[in-house]
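See the structures that follow.
In the two complexes below, chain A is the common chain; its partner is chain B in one and chain C in the other.
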Partner chain A sequence: MGLFRVQARAFEPTYPLLQGAEIAVGWYRLDGRVAVKPNPWLPYLLLGPAGIFVLVFFVYPFLQVFFLAFQDSAGQWSLENFRVMVDDFNFAPSLINTLMLCFAVVPVQICLALVMAMMISRVDRGRDTLLYIWTIPLGISDLAAGIIWLSILEQSGFFNSLLGYAGLIDQPLNWLNYQNPVALFFAVVVAEIWRATAIVLVILVAGVGLIPKEYNEAAEVFGAGTWRRFFTITLPLLRPSLQSALILRTLLAFEVFAVVLILGGIDLPVLMGESFKWQFEYRDAGVAATYAVVILGISIAFTLLFLWALRVPEEAQG
Partner chain B sequence: MTGISVAGIQKRFGAYQALTSVSLEVRDSEFTVLLGPSGCGKSTLLRIIAGLEYADGGTIDIGQRRVNDLPPRLRRIAMVFQNYAVFPHMTIYDNVAFGLRTRKTPEAEVRTRVMRMAELMDIGAQLSKYSAQLSGGQRQRVAVARALVVEPEVLLMDEPLSNLDALLRLQMRAELKSLLQEFNTTTIYVTHDQVEAMSLADRIAVMNGGHIEQYGSPMQIYSRPATRFVGGFIGNPPMNFLLDDHHSYSRQVGLERPGKAHSLGIRPEDIQVYREMATQCWPVKVGVVECLGPMQQFTAELDHQMLRVTADPDLALHSGETLYLRPDPAKVCWYDGEGRMLPV
Partner chain C sequence: MKRVGGSSAMAWLFGASLVILCLWVLLPLYLLMVNSVSTPDQIHGWPKRLWPEISFDTILFFWNFQGVAQAMFNSIVTAVITLLLSILLGTPAGYGLARFRFRGKNLFRIMVLMTRAFPLPLLALPLAVVYLQIGLDDTLIGVALVHTMLALPFTVLVTFSLFLGIPRELEEVAWTMGCTRWEAFRKVVLPLAAPGIAASAVFAFVVSWNEVFAAAILTVNNQTLTAFLVQSLDESPVHLKFAGGLVLVLPALVFIFAVRKYMFSLWGIASR
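This part shows the complex of A and B:
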């Protein structure tokens, strides 16, 4: 109906734009009149509220944290907070634990999500259902995830019951304390993988969907088997998505907190937990802010690393 | 010896029957074109032959080998895709070398063969570039080079020229023709462009609605269209069809008419035009006259039926005047009520 009226009015002098090939381009109202051209400032106007929001609730607190970390209680510039932080006996373990957790969790998550994404891309019917099921953990907060895994792994939990039924242990073992640091570490790793692989999966599934299927078909016709196609076509073309997923997951891994707090308490110190402790137990906002700055520094370093390592040269962009 | 033999291929997409029992024989080193309107199943058939799509029924043999259940990479084929599918993350060299490397060709041989192919396809200067840095025509050459460098037994091409602009398409068409004559590869080429089909093909399979209407040499297809669809699809302007179920028009011009004939088909250029009343002619009223340079075309009205006629450019034609037409009896084709050609 709309198109018809455009054609019927095409040669009326009041609608000079509606002629010939120009019918297809430009902005038209449904009744076939030329709509007003959009204001060039409109995008900025629409982005404005979000920009202000970020400034007020992100940049401002960020600056505040920065001042807290680099000033002493008298408001003088100093590295006193850093000295206190480094001298604290929990600093080194928390740094090491955080990095180790990150190195243990993120690669496994990436590989797992890759495998899952490839599997999903081969499924035709039920594809969405499968994706929804696999992304359920996305909807669960990290605190709740910690509690779920606590109920599995605590002394009277499901895991011990299972081992007991299977006859593998005589009495319930305590997996989650300082006497068993390796088990505790792996408990956190497993919980984190369970909790946060889905976000990587979602990014990779979207990325796989963006690769035109002709590339894989061409590779197949020219003799590449499944593995070769994966390593020479899919994986390189997935690089931008891998980059996003890696950055996002690594940053989140440095902020690991609730799951560790619930499963490990004080037995597995991590940077975020230390920051929390200094803020709310020792009431020292300066040192807490200093931890935050350290986390930020590591995050920026890794982001830059991934941006560089997984960059796609401009000429090689599809 | 690598012929292709396709028999009784069927394909359904959900409730939609894309191919209804398609059979096709392509001889060794023959160039066959699948020609038909958009959506008639050409790509589907080609992809089934390539192994990129599974058929619901029927058999495919490539060089006496039943390939129904073989994956594409074991079918000894090469393919040129409509949008070229040149890998964006590899240099042009690596693209052309791709098929050789998957076949574990020694790197020294890869090099000589890629270089030779690049020279032949005139992409030598592009080898270290990436796909995004090339023009459409150059990408097309890369796609062809990548396919031919593996010296395939069978080459499949899906509208390889349709993304090029008109002038480039003409040039590439000529190049492809001489190149493929040199290589002597058995080729199936998909296009919806009848001129492309006529100029390239040894044989054309005209497809419509998921089946093959006619399979024959370009001349056969042009002068003896097996169905009204073929006659109406090929030729510019297409064949004229005159409803003649009462035998009146054919008697008027002294034509023998097979018993069950329903309509008469005649190409615009196979009609003689007379200015004066002559015996055994159709008197017609001239409609629109178009001068096209080497010839002119006009529409002629014969008792409310419209004919398109090609005439000598020197003939002075005026809209509204009466002329006299006589179809060349040797060129007339007869069609039954279902649109199938009847033997004379």
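This part shows the complex of A and C:
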């Protein structure tokens, strides 16, 4: 075809931004005319729009949250917003409820998803159908999940109806109000487990798929039983997936909002709901941002905690 | 590994667990559907039957409720803008990451990965203040921009791994045939990547369609469906919520079905 290609390292000195970088290969025809010119600015053109977007809609508002939280309405540095937030009688309960929900929901989800992922790996026929059904909640919003469980747990809902048919109650009970805080809490826990186990499952199933089959087959040849193989091969190799699933789910658990709003309303305050209330009802962006700072704070603290606690020991790294 | 359990009792137990887990997912969805096709009287009655007499009273009530049709339209518009923006911004970035080595590449990757460690809907709080100043308050484009920020990291990571899987040599061959860079991308790479890009487009749509917090913070009159349901929580009758829930769920069922092939190879890996 009369073409040859030139490695474009020769361009380095001309473009200081690219020093030391390897540029895409360029293609030239034999008569010296360029077929496809190596353009050192192309990657920047490709990534620029997304980069600028992330700067404007992530980095900037992220910094702005702190300005809103740590400044008073006159623009002076102050902890006034924090004082208002801590003095609010809903602050302590909302912080405790958010953490308790996370501790109640996330371990169950990790275990349940692990069991489901192990079961999936033993199914041949109908595997795709099974995976589709189990991952349906992935596409369902927390608002819709709250409504779904409201239809079951509300006063004239299906749960009370079943109890009625079984002859256990004569009158429908109200599970979802402040008189039944434990029942309300568990209603939210069940709805959250139903809704958000699927994302853990997807991460774990993908992780199981990355484990070479030979490892398990070799262990089987050497006589390792099902449990032995699970604890000595699958679980350790699944650790990176478990780690990211744990971090992702914990962060999302701190953002719990619409499920609680639908099922509990004001009877079960959580951080995200308080933030919404201060912004939308009280029109106080400062205190709303202060709640955001608290959520950010515990999110970062737990991410670091998990990264440290689940770090892969150096001697185990390849 | 193909053999299940040691005995038929174990196999039976295993099968029963599979069925129970399927019912655990499907039964609540079925019950929501039962409520949505019951009359409002049946919804408020007790005890309730587990199968419905089909009636469209509740759905019609929902459809005719002041503001619902507009909110549904707004949700679709917002989701389509989100879809377009995240594909237009994310796909080139994913391609750039997969094909080039350049200064600042790691910085960009870290920035994208970092966004996932933060509760992104909270960004709506400071943006609400900014939007008031620049006149984007209570607009669908304002909501869609926040939703794009939610979907973009996934679009970038998913398209990145998608383009990594398409050999660079295919493009180089196209170049020798006289294609320009753009022609080679459009005629060779794009057809191979199209299904995956479509899957991440679907994902962006669902993210926007489902998002509650930012939509409810940023809109007052131009609500999306989720914002409408949240903001009218106290004054709306309970059967309105059930019909609204069904309308929120149905597209999700279709979309998860549409992208099921890519769920594990792309999202599962990209989520790690």
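In this section, the second predicted complex is superposed on the first by the 268 of 318 C-alpha atoms of A that agree within 3 Å, B and C clash if a C-alpha of one lies under 4 Å from a C-alpha of the other, contacts with A are read in each partner's own complex, and residues count from 1 in each chain.
Basically, a residue touches a chain if its C-beta (ideal position, glycine included) is under 8 Å from a C-beta of that chain, and two chains touch if they have at least 3 such contacts.
Note that the structure is a prediction, hence the values are computed from the model and not measured.
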{"item": "Overlay on chain A: chain C relative to chain B, clash or fit", "value": "fit"}
{"item": "Contacts of A:132 with chain B and chain C, given as first, second, both or neither", "value": "second"}
{"item": "Partner contacting more residues of chain A (chain B vs chain C)", "value": "C"}
{"item": "First (chain B), second (chain C), both or neither touched by A:84", "value": "neither"}
{"item": "A:292 touches, of chain B and chain C: first, second, both or neither?", "value": "second"}
{"item": "Touched partner set for A:237, first chain B, second chain C, both or neither", "value": "first"}
{"item": "Chain B versus chain C as contact partner of A:218, first or second or both or neither", "value": "first"}
{"item": "Contacts of A:189 with chain B and chain C, given as first, second, both or neither", "value": "neither"}
{"item": "Distance of closest approach, chain C and chain B, by C-alpha atoms in Å", "value": "8"}
{"item": "Chain B and chain C contact sites that coincide on chain A, given as residue numbers", "value": "217, 220"}
{"item": "For the chain A and chain B complex, residues of the former touching the latter", "value": "212, 214-215, 217-225, 228, 233, 236-237, 239, 312-313, 315-318"}
{"item": "Residues on chain A engaged by chain C in the complex (per definition of touch)", "value": "1, 3, 5, 17-25, 27, 35-36, 39-40, 42-47, 49-51, 53-54, 57-59, 61-62, 64-65, 67-68, 116, 119, 121-124, 128, 130-144, 147-152, 154-158, 160-162, 164-165, 172, 194, 199, 202-203, 205-207, 209-210, 213, 216-217, 220, 240-241, 244-245, 247-248, 251, 254-255, 257-258, 261-262, 265, 272, 275-276, 279-280, 285, 288-289, 292, 295-296, 299-300, 303"}
{"item": "Chain B residues touching chain A - in the complex, by the definition given at the top", "value": "50-52, 71-73, 77-79, 81, 83, 85, 87-90, 98-99, 102-103, 129-133, 146, 150"}
{"item": "Touching residues (chain side chain C, partner chain A) in the complex", "value": "1-2, 4, 14, 17-18, 21-22, 24-26, 28-29, 31-32, 34-35, 43-50, 88-90, 92-93, 95-97, 99-105, 108, 111-112, 115-123, 125-130, 145-146, 148-149, 152, 156, 172, 175-178, 180-181, 184, 206, 209-213, 216-217, 226, 229-231, 233, 238, 241-242, 244-245, 248-249, 252-253, 255-257, 260, 263-265, 267-269, 271-272"}
